[in-house]
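Listed below are the structures to be examined.
In what follows, chain A forms one complex with chain B and a second complex with chain C.
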Partner chain A sequence: MNRLQEVTWKGKVPLAEGLPASPRIRAPQKRINLAQVTWFRPLLLSRWPQFLIRCLTLAGSVFTIFAGLFGSPVGSHNFAIIFVWIAWWTALKLAFIPLGGRSWCSVCPIPLPGEWLQQGGTLEKRRHRFSLNLRWPKRLRGSWLQSSGFLLIGLFSAVTMTDARVTAWVLLGLFGLAIGLSLTFERRAFCSYLCPIGGFSGIYAKTAPPEVRVVDASICVSHREKTCYLNCPWGLYPLALRDSSQCGLCLECLRSCPQDNIAINLRPFGSDLGWSRQSGRLDDAFLALVMLGSALAFATVFTGPWGSLKSAAFAIGSPPWGLYALGFLAFNLTLMPGLFSLAVWMGSRWSGQKTQLRRAIGNQSQVLLPLGLFAWIAFTISFAFPKLNTVLSVLSDPLGWGWNLLGIANTPWSPDLSGISSILQVSILLAGLFWSASVAQRLVKASDRGSLRQALPILAFCFLFTLAMFWLLVG
Partner chain B sequence: MSKEWLARSIVIVLAVGAIAIPAVASWGRRHGIEIHARMAETGGWTPESLTAVVGVPLRLRLTSDDVIHGFAIGQTDLPVVDVIPGEFSEVTYTFDRPGKYTFYCTRWCGINHWRMRGAIVVSGPGTKPDIARPPLYVSLGLEIDARNPADVVPVQKPSSARGAWLGATIPAAYLSRDYYLAHSPLELWKALRDEPNLRNFSDQDIWDLAALVWKSNATPQELKTGQQLYATNCAACHGESGAGDGVFADQLDRPKSGEHAEMRAGEMTTRPAGFTAPQSMLSASPAQLQGKIIRGGMGTGMPYWGPIFTEEQTWALVAHLWTFQFDLEDRP
Partner chain C sequence: MMHKSLCRGIPGWRWIVLASLALLITVLPIPANAKAPQARTFHVQASRFSYRPAVLTANPGDRVTIELKATDVVHGLAIDGYNLETTSDPGQTARLTFVADRRGSFRFRCTVTCGNMHPFMIGRLQVGRNDLLWRAAGLAILAAAAGVWKERK
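Showing the complex of A and B:
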């Protein structure tokens, strides 16, 4: 638990959870505190740079909705399809998340209108607010809804990612939902509990360099006002952060801390991984499995050789689509969790671990994160790279109305990765597998009765997944 | 102005600008009528009816919302335009006569490709549309759906070259254009068989003479035009070889369930006719074939081509259809 609203308040913040389980094994890793870099600090402290970027992304989103609704229905000639599913979706997986964790969340425009109403202002909180400010229901906490949202996207992905109008309506729906939840619940309920992209970014943010932490825990403990918590739109308390999955990098804690006790660190990749948690969270494990399963399902539908499967995924509402949906859900809700649970159970049995299965699953799900992230990157090379040439032409004719604003509407440029894409994808998947193996090894060392046997079934699971991705992407 | 009000202004200006700028820009840039093409199952042409005035240029901006289509105006020699998904093809037509013109898709875009049709009504002061002449099959009172399979067929494909080589004298009555149009090869064969001066020739020889008569009614240019029209408009269903085995044939023949059920537009369809079977073809006259082409096949899925082909084009197509029965080459 790292939300104050989810734990009993005073005296019970689990400070020890974020610390290494065994100092013998894990030496403190080096960090660069960006908040202390002289030239960078003003950019972090001022709300304006971030706000202006959010304004631009909001304008981009509004234009995307407009293009989706009124532009050409031909996906390759519509800004909504090309910029959401080719440019942004690729940038998210290749740059925003691996390098910046939840950096997209810090400039995401979707919560902006709702937050304006909720807080009475766009830049700072004001008196006239419009929100019931209810607490988010306890039974709906965790990342279960985000996992469900991602599965829902997967079910309709074939149409959503190719039909500009559907993309526009999905985007409108997300804005509407975010506004509705801001008017009903406190803080960023939509981002924290519902946004599927937030779930995707959040879980893989554990592998990325950025982190928000306190500089000196004792200062926070003695600080009575907790201004960082009061000002955090996400409802997080920096002292309690144990990983980077929840923090949206809005930096309000940095701006509101009177003691200058907040660090915006750059750390080594994967610093959140390999720790043995006090309480394994099943919702996080499920989210990791959904992301892994969805990568495989997307690769199967979009890059696999089965035309009938692709047709079924497109024919929403038809009996073939029903079968596809059944298969997709069975794969993600039953097969993947079942196989992973079996692997964890076998590992625990063979190594003589007495850990509760639930906690073991939560802990071991960390192993899936590097492989999952790299599987998405490898899929993106097949899915998006061949279509990157459309980005330039769509910039020149964003609505498919026959414009040529920049004179490059018919530019035949396309990154030719045909010669190296297979090698690149194999290398990426292998790197993900080895990174996952390294996390498994760390977990073995961090556990009380560590044994390689504990990791072997989980690594076998990862290896099988990697083989399946090889087969789908490389052949 | 406070920081907050400045921030609000920026949000509103950018959000409104994101819609207003392209909307205003589009207002000033659109010239001509925009026509969107979709497969017939999802809408066909939008709009599907246009108006124009004689002598006044009609500017069209054509785009496809799904697959590649083609745009042509029937019974004219106005240019044919490819309609590419997401791109705009601009074309300007000027009509010199009033009337109702049919525009249609020239690409095999789907099983209901032929349903992609629309109309341009051209009006003009002081001019009147031509009064259409009834087609020949109507003048002759032919029942074009009647099935009268040939009771006599040749043992091999009749050859006009072999017929010419026989050196027989064919009575002039059978060589006229009017006779050719109104009679079937079987009727000609029976008539020639009864001619006393041809009594010494075998049945196959008489078929070769019939082929010779048919060749005398088709110029090489007509045959070439007919072949091009067939390849463009007919082969998708009837097959390149005329055997009724085109790429859409199986779909037309399937019951109304299964994977292609949704591709039908609701009408019953049958397997396309073949032109290689002598029993059915040799008992049909050119006028009957013309009638089928103009009117279409009732209840079979065969489209009507009357508004599309000119009379010359229809006869050229009919002439080509006979090449599936007769060898009309100069050498056997």
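Showing the complex of A and C:
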């Protein structure tokens, strides 16, 4: 965790954070600081572009809720289903996260109303604020709640993703929760600790190019006011950032730094991965495993030929759903963590590593991130490609009331992409496995007594996962 | 020894080997068990949100007839990659006849909105061996090896 409030940081922030603990230090990678690009800098410094996009996404959310509540109950004719689960969910996994990390968080409308009440203003903090500003309970910190939220989504996904009214109520619930937490706790408690999409974006943001870092650490150390920390809605201190999982790219640190010491970097993909960490925390490892397991479980339920499984997932509250829920939770809470822990333990034993198992699991979980992200992308292709034509038709008839506003409501365009999508899915999964294997080898190099034996069981785990995804998606 | 020193002299020889193996796995023809084409008829029941049977297996060249019978509401059946489609009213049987001239695994999907899980009402037509799956498994071994080699310098 990088959260400043979780460490007694004043004067103690280690300047070597972000560098490997191992004596084998990797060569620094090239970065492009967008804040120094002349034509781009004004766009980053001004709050208006981001605010306007957030207003648009807020309007879109309000319309989505309206469409969900009052539009057609037929999912493929309702803006709420098509735009949330086909357009947005696909764009998040295919573009926002792989290219922009937590870029969606920077324009997400869900915290906007709560933040407005909490801060007394949207662009700047004002006097009249409505929040108790309590600190988030220490025992609830970390990404455990986000993992639980994602599992909860998985349990109810068959209904949430197909019923427009449920989608609308879920959105309303998320807005209500974000407002409630903003009125009770300081800063963006909902985004930092509860939002399952934040957890999803955050864990995979480690693979993406954007990063917020300080230019010169010594300037931050000598700067007494810490305006970046005071103005960060997420409660982060840029000097203490070790990776990009927590930063929501709101850029308030850039705007408030009087020393112009914040860099908004574009870096090579996966720059956060492959460093040996000293932390023994397991929350991020658990989140990575939940994401990986959920990709497999979703692919099984939604793209497999097992109708009874689909019916069970949909019949919430029934005995078959109970069995489905039990299987889903057992798979994600027991089987996946158990197999991965076994692989890490075998690797440590085999290579003669003395590292504590907890720490080894935390470290090796980085290997799962590229494969997990690419598994989600591959699953999304099978899930969204056959339905892309509905995006055009709901634009013309968003409520499913028989309108034809743009004249494209009955567009027959329905390309058969099955041939391409199978090859695309295989290629994407292969790329994910390749990347994960290279992260595993980087970790071998970063460890003191590293040998390939350490990585082999973990590579076997990743290989078996890849085979399972192949079988489900193109088998 | 000589082979080793020769390999060391070629920059990126490992990549050349890996790329050659990848190419081999991708394009090498796999001998198929040639079986005489025959006529096959599948009686498929469609009910919310499943086909029974959900996996249909045929050999390349078989003349396949699918008799689709919807048991609750109207259901359709369209086969990816074959550009074929039919629709069945409840209790009625619709027929689809074609020659399975394309190898591989193909999804078939319901084409008539039949309820919430309609987009996921999916079955599978398996024509011969699924070469893509086997080739993908072979390439996965190479991908893992390549990922390790990339970082071994």
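Going forward, the second predicted complex is superposed on the first by the 465 of 475 C-alpha atoms of A that agree within 3 Å, B and C clash if a C-alpha of one lies under 4 Å from a C-alpha of the other, contacts with A are read in each partner's own complex, and residues count from 1 in each chain.
By definition in this document, a contact is a pair of C-beta atoms (placed from the backbone, for glycine too) under 8 Å apart; a residue touches a chain by one contact, two chains touch by 3 or more.
All figures in this text were calculated on a predicted structure; none of them were measured in a lab.
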item: Which superposed partner A:Cys228 touches (first chain B, second chain C, both, neither); value: neither
item: Touching partner for A:Ala440 - first (chain B), second (chain C), both, neither; value: second
item: When both partners are placed on the shared chain, which of chain B and chain C touches more of chain A; value: C
item: Contacts of A:Cys250 with chain B and chain C, given as first, second, both or neither; value: neither
item: Partner chain in contact with A:Val84 - chain B first, chain C second, else both or neither; value: neither
item: First, second, both or neither for A:Leu292, with chain B first and chain C second; value: neither
item: A:Ile428 touches, of chain B and chain C: first, second, both or neither?; value: neither
item: Which of chain B and chain C A:Ser72 touches, first, second, both or neither; value: first
item: Touching both chain C and chain B, counted on chain A across the two superposed complexes; value: 74, 76
item: Complex interface listing, chain C residues touching chain A; value: 47-52, 54-55, 80-81, 83, 104-107, 109, 113, 116-124, 130, 132-133, 136-137, 139-141, 143-148, 150-152
item: Complex contacts: residues of chain A adjacent to chain B; value: 51-52, 55-56, 58-60, 62-63, 66-67, 72-74, 76-78, 112, 116, 121-124, 126, 398-403
item: Sites on chain A touched by chain C in the complex; value: 74-76, 158-159, 162-163, 274, 301-308, 310-311, 314, 386-387, 416, 418-419, 422-423, 426, 429-431, 433-442, 445, 452, 455, 459, 462-463, 466-467, 470-471, 474-475
item: Sites on chain B touched by chain A in the complex; value: 3-4, 7-8, 10-11, 14-15, 17-19, 22-23, 25-26, 29-30, 61, 63-66, 85-88
